[in-house]
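Down below is the structure, laid out as structure tokens.
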Amino acid sequence: MRKITFAQATLEATAEEMRRDSRVFVLGEDIARQGGIFGQFKGLAQEFGHDRIMDTPISETAIIGASVGAAMAGMRPVADMHFADFMGVAMDELFNQMAKIRYMFGGQTTVPMVVRAPDGLASSAAAQHSQSIEAWFMNIPGIKVVAPSNPADAKGLLKSAIRDDNPVIYFENKILYKESGEVPEGEYLTPIGKAKVVKEGKDITIISYSIGMKDAYIVAEILEDKGIEAEIVDLRTLVPYDKETILESVKKTNRLAIIHEAVKQGGAGAEIAAFVAENAIEYLDAPIMRFGAPFVPVPFSPPLEKAYRLNSKKIAKDILVNFNY
Amino acid sequence: MLKYSKDLLKTFYYKMYKIRRFEETVEKYFLDGEIPGFIHLYIGEEAIATGVCTLLDKNDYIASTHRGHGHTIAKGADLNRVMAEIFGKKTGSCKGKGGSMHIADFSVGMLGANGVVGGGYNLAAGAALAIKKQKRNNVSVVFFGDGASNRGTFHEAMNLASVWKLPLIFVCENNQWASTTPYRTSTSVEDISLRAIGYNMERKIVDGNDVFDVYEGFKEALNYVKSGKGPYFIEAKTYRIKGHFVGDPELYRTKEEVQKVFRENDPIKRFEEKVLGENLLDEVELKEIKDRVEIEIEEALKFAFESEYPEPHELYEDLYV
Amino acid sequence: MRKITFAQATLEATAEEMRRDSRVFVLGEDIARQGGIFGQFKGLAQEFGHDRIMDTPISETAIIGASVGAAMAGMRPVADMHFADFMGVAMDELFNQMAKIRYMFGGQTTVPMVVRAPDGLASSAAAQHSQSIEAWFMNIPGIKVVAPSNPADAKGLLKSAIRDDNPVIYFENKILYKESGEVPEGEYLTPIGKAKVVKEGKDITIISYSIGMKDAYIVAEILEDKGIEAEIVDLRTLVPYDKETILESVKKTNRLAIIHEAVKQGGAGAEIAAFVAENAIEYLDAPIMRFGAPFVPVPFSPPLEKAYRLNSKKIAKDILVNFNY
Amino acid sequence: MLKYSKDLLKTFYYKMYKIRRFEETVEKYFLDGEIPGFIHLYIGEEAIATGVCTLLDKNDYIASTHRGHGHTIAKGADLNRVMAEIFGKKTGSCKGKGGSMHIADFSVGMLGANGVVGGGYNLAAGAALAIKKQKRNNVSVVFFGDGASNRGTFHEAMNLASVWKLPLIFVCENNQWASTTPYRTSTSVEDISLRAIGYNMERKIVDGNDVFDVYEGFKEALNYVKSGKGPYFIEAKTYRIKGHFVGDPELYRTKEEVQKVFRENDPIKRFEEKVLGENLLDEVELKEIKDRVEIEIEEALKFAFESEYPEPHELYEDLYV
């Protein structure tokens, strides 16, 4: 199969959906003239014009608020947040308007829109340009949340998100943009709400998503060397997360480790761990393990950033200790 | 005044009077404990919603505030369903999920009240953007208070509307108060409409207690906006007659101050005096309208009272499509 | 001991701290002329004047941003959010400025401020005036978070929060304001970071905080009738939460139920459950149970709001089922 | 020009030249891969920070932007620690935790750069509020770009500063660009300072490439603000000479356009021509300053290079007190 980058995959998804549906348009800062900081909008303005790929003022509340309004009035906006870190600027629009409008108006309207949020650590971007804040949105009813880990899912999930009649937040990792992977030619959709067992195994379930999947694979390899067969589940969607796949895997392997780049405390892993502790504790042969960032903001200096970042070797070591438990 | 048809005059009166009686009714039943939640009354400001919405059709959009009953009614929402919603009944326009602070009727282009002060600007801007993209000959209107004019969203929407030349009309209801706060203690400028200068936007001040002045001002705005020139800013000067919410002890101002304004500047009384004084409508015609309104209010009340509350299982409905 | 309401307890705390330290001042909407929607600022403007009890414009980003700035410049602001629901408006100021400033500037400054956030369901206030969003702030390093359940803690924690050199978010429940409880006379501080075992028991640990504690007590009573002795832990502080007390209790009772009014998915209970599943799973005789709001916005109509709200009887029933497990 | 003492003129030149050379140095070492993160250069805008900060002392506050080196240096921060910070060293003013985008030096009242565009307004307003409460004879200054002037925080801070009469000076660095966006496509008004009208605030436009004009304009602002009359708005017209960040391919404008501006309007060249032409300073005096700057830059570089990176355990320090 052909290989393209994650960024290219999102470009294809966007272009295909824009050709298919004239109601789809994209708005955000520096996406038309620049093509996005990470190239994820490159060339779109050339094909679709500045009326459908719209550079906005630096006004995040307007970007999200206007997307909600346009969605209610029959359009299908895709709003770019520039950095996930800036979602806080538009948090009211995201959680009090976008998420609630359908419900609090008794289903009178739909809010079909996508919020694209580049997240994660990248080259010492420091405290305000490196965050992964997906956990907050797991606590907010009315939004779907996806976080693809590879180009194929990036394309399929973005297309599904654009076609979804609900608001969808699409977290895309900054490091992943440049990574290549096999992507089928042409049309396909990746279903929202379905996790994927990307590697079968019988000894431990490793759950991750987005960039955390890179560590998941490395950890699994290290474990393999020690004779431990890890099953890897790529969550892909955080809301609604795929409870069946998680339970099925944990019931099979009897052990669980959850990995994500975001802050561990109160992170998405907390919900997954709690869910398993509620619903399959009797299957567990060992403590649930969570791996995530320490409880500090993201530091600037490279050695500090490195110390902050997930460390596959250390994760594998901790898991191995857990096996002697 | 010859330029106003009888029909139009009757519409003005009908809308204003209907809002007034609706609000009085809601106030009563709230105090009686029949209505849950919080209620913000539009009494004394009826001329604004009326003057504006009379010029709109159902394909035009409005985004409203926490004080949204008047806008909703003026925009032509079904009174029964509005009343039922405020009572929390399943027949309400939001199936009882929204209540007064989230009253909405999308079937007439009323995109919702908003519990977040200043939450409506950008929604209305987005609706205006949709209109523009769809090449429709419609407009979007956002109502907001003097207090709301200090939210950052005001600024972002004003700027966006201007640079994108959106068919959006800002209607500031400057009623002198933001809850307990006299507006000049928290708003840095005497005429909020002066702020339009900072966005290169056309502006006009109207007497918010004179339905004719509101209507004329808004018509001008509408013509301007529909010609594709971009957004327009209307500041309607008015006064909040009632407490901020029903039950507000109003310790921050005197009863006399309020009563004086209401006596001298009640938009309905002013309308009556004018049309009667200039023989545009007579007592009988006004009475007919009042009677019609009473019947509608009665019907809406009956509808609301007789409707069921939602069932507990409905809690889980209407979240995702 | 004398009894006063929760609202009065916060008033006392504020007044005492303002008398003690001239750097303390309070700002927010409608707090001076009105005394706060819930009476929690009543009379303060009379004693301290409008220079220290400041009515602000409806500008939440300014309220929080200016508090941060004033704190850096030597003051100790207490900022009122009116409703916790409006924290989204100032979310950037809360998580990218307030929480990070000390760390990202290498400890050059402190940000001693308190954010007061009235939260929870109250009389059909509906989707945008009823929320409990504390879980988000457990995922944000740099803030302390407290959520008292009774007047005595309300006073002691508010005083501690005002004296803390770190930013503290003080969640105060709208229903609790009117509730009375014993409060010692005079000066005392309730330590931030310490949970309290408010009832000892040997059969199950029930962890809660804020208004959830009301249900915890009722549930414990129902269980008592069935011969089950519940130990109740009032968490009081969510960040940093008291790991020792939690573990100690769970190791003793071998069962755990967590109760909070906030949305269950991604709620504070997820972190507590995950923490226990990581650190004491071998002590557990049954699945961890979490009780919280369903995954929908808060509805308006009273029967819906009731269905949304925690239901002690149902919680007790579920726990009992768990005992036959 | 007689009113300027030689000392003052030398200070102007020293600060501007120091910023220029600092930025050139940082650019080089960033491109060499020695500096991590993102770098936004202040080249071409040196006259603004210089004109403003020369009038401030260390008990006055400034809140800066993502383009903060110039403000930091002009405010008098220790160059070694600034350079070390940008290199990510533990001797940096933020111990390597902040970097370019979070450069700060609280010891001289520099309250920090900000990675959030528009994040500084309200921080500066709060610092001004503190000054007022502490009855100190100081001011707070917020620097911000044309792009930042479209953030809602602009509006909230402008209004708050005005109603509370805060000792706050808004300094808009209108450099015509917000990243790839020409400012008039996203900013609705030609002169951003017009927005001050909406807050009943005094305003002035200065030539941001003329340190004398900035200095004079800011002095007026300072006198006004220190007299207790409330905030003041300065718009400094300038131009962003470099790419938005180091490494920006700048596809959105031509090299010629930029070079023309730089040739004709380089604030340092303009200053040199003026002082030499009017015999206020001579070549030798300028050379002395340049030499001094080179030495300081060399020292700072040496300091930065020789300093250690933070240890991994420092990750956990400086979060809570």
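Brief remarks on what is shown
As written, the chain order gives the labels A, B, C and D, with residue 1 at the start of each chain.
Definition applied: a contact is a pair of C-beta atoms (placed from the backbone, for glycine too) under 8 Å apart; a residue touches a chain by one contact, two chains touch by 3 or more.
This structure is a prediction, so every number in the text was calculated from the model and none was measured.
Any chain that touches chain B and also touches chain C is listed here: A, D. The greatest centre-to-centre distance from chain D, using averaged C-alpha positions, is reached by B.
Put simply, the C-alpha centre of chain B and that of chain D have 45 angstrom between them. Put simply, the C-alpha centre of chain A and that of chain B have 41 angstrom between them. With centres taken as mean Cα positions, chain C sits 30 Å from chain A. Of all residues in chain C, those touching 2 or more other chains are 56-57, 59, 61, 85-86, 89, 92, 96, 103-104, 126-128, 141-142, 294-297, 299-300, listed in ascending order.
Contact with two or more other chains is made by residues 94, 96-98, 102, 114-116, 150-153, 156, 159, 163, 185-187, 319 of chain D. Interchain contacts join each chain to each other chain, per the touch definition above. Interface of chain C with chain B (complex): residues 29-30, 33-34, 55-61, 85-86, 89, 123-129, 294-297, 299-304, 306-308.
Residues 25, 51, 56-57, 59, 61-62, 64-75, 77, 92-93, 96-97, 101-110, 141-142, 144, 164-166 of chain A touch chain B in their complex. Residue ranges on chain C touching chain A, taken from their complex, read 85-89, 91-92, 94-96, 99-100, 103-104, 126-128, 133, 135-142, 239, 262-263, 265-271, 273-274, 276-279, 281-282, 284, 286-290, 294-297, 299-300. Residues 36-38, 88-90, 94, 96-99, 101-102, 114-118, 147-148, 150-152, 178-181, 185-187, 251-252, 309-312, 314-316, 319 of chain B are the ones that touch chain C when the two sit in their complex. Against chain D, in their complex, chain B makes its touches with residues 150-156, 158-159, 162-163, 185-190, 194-201.
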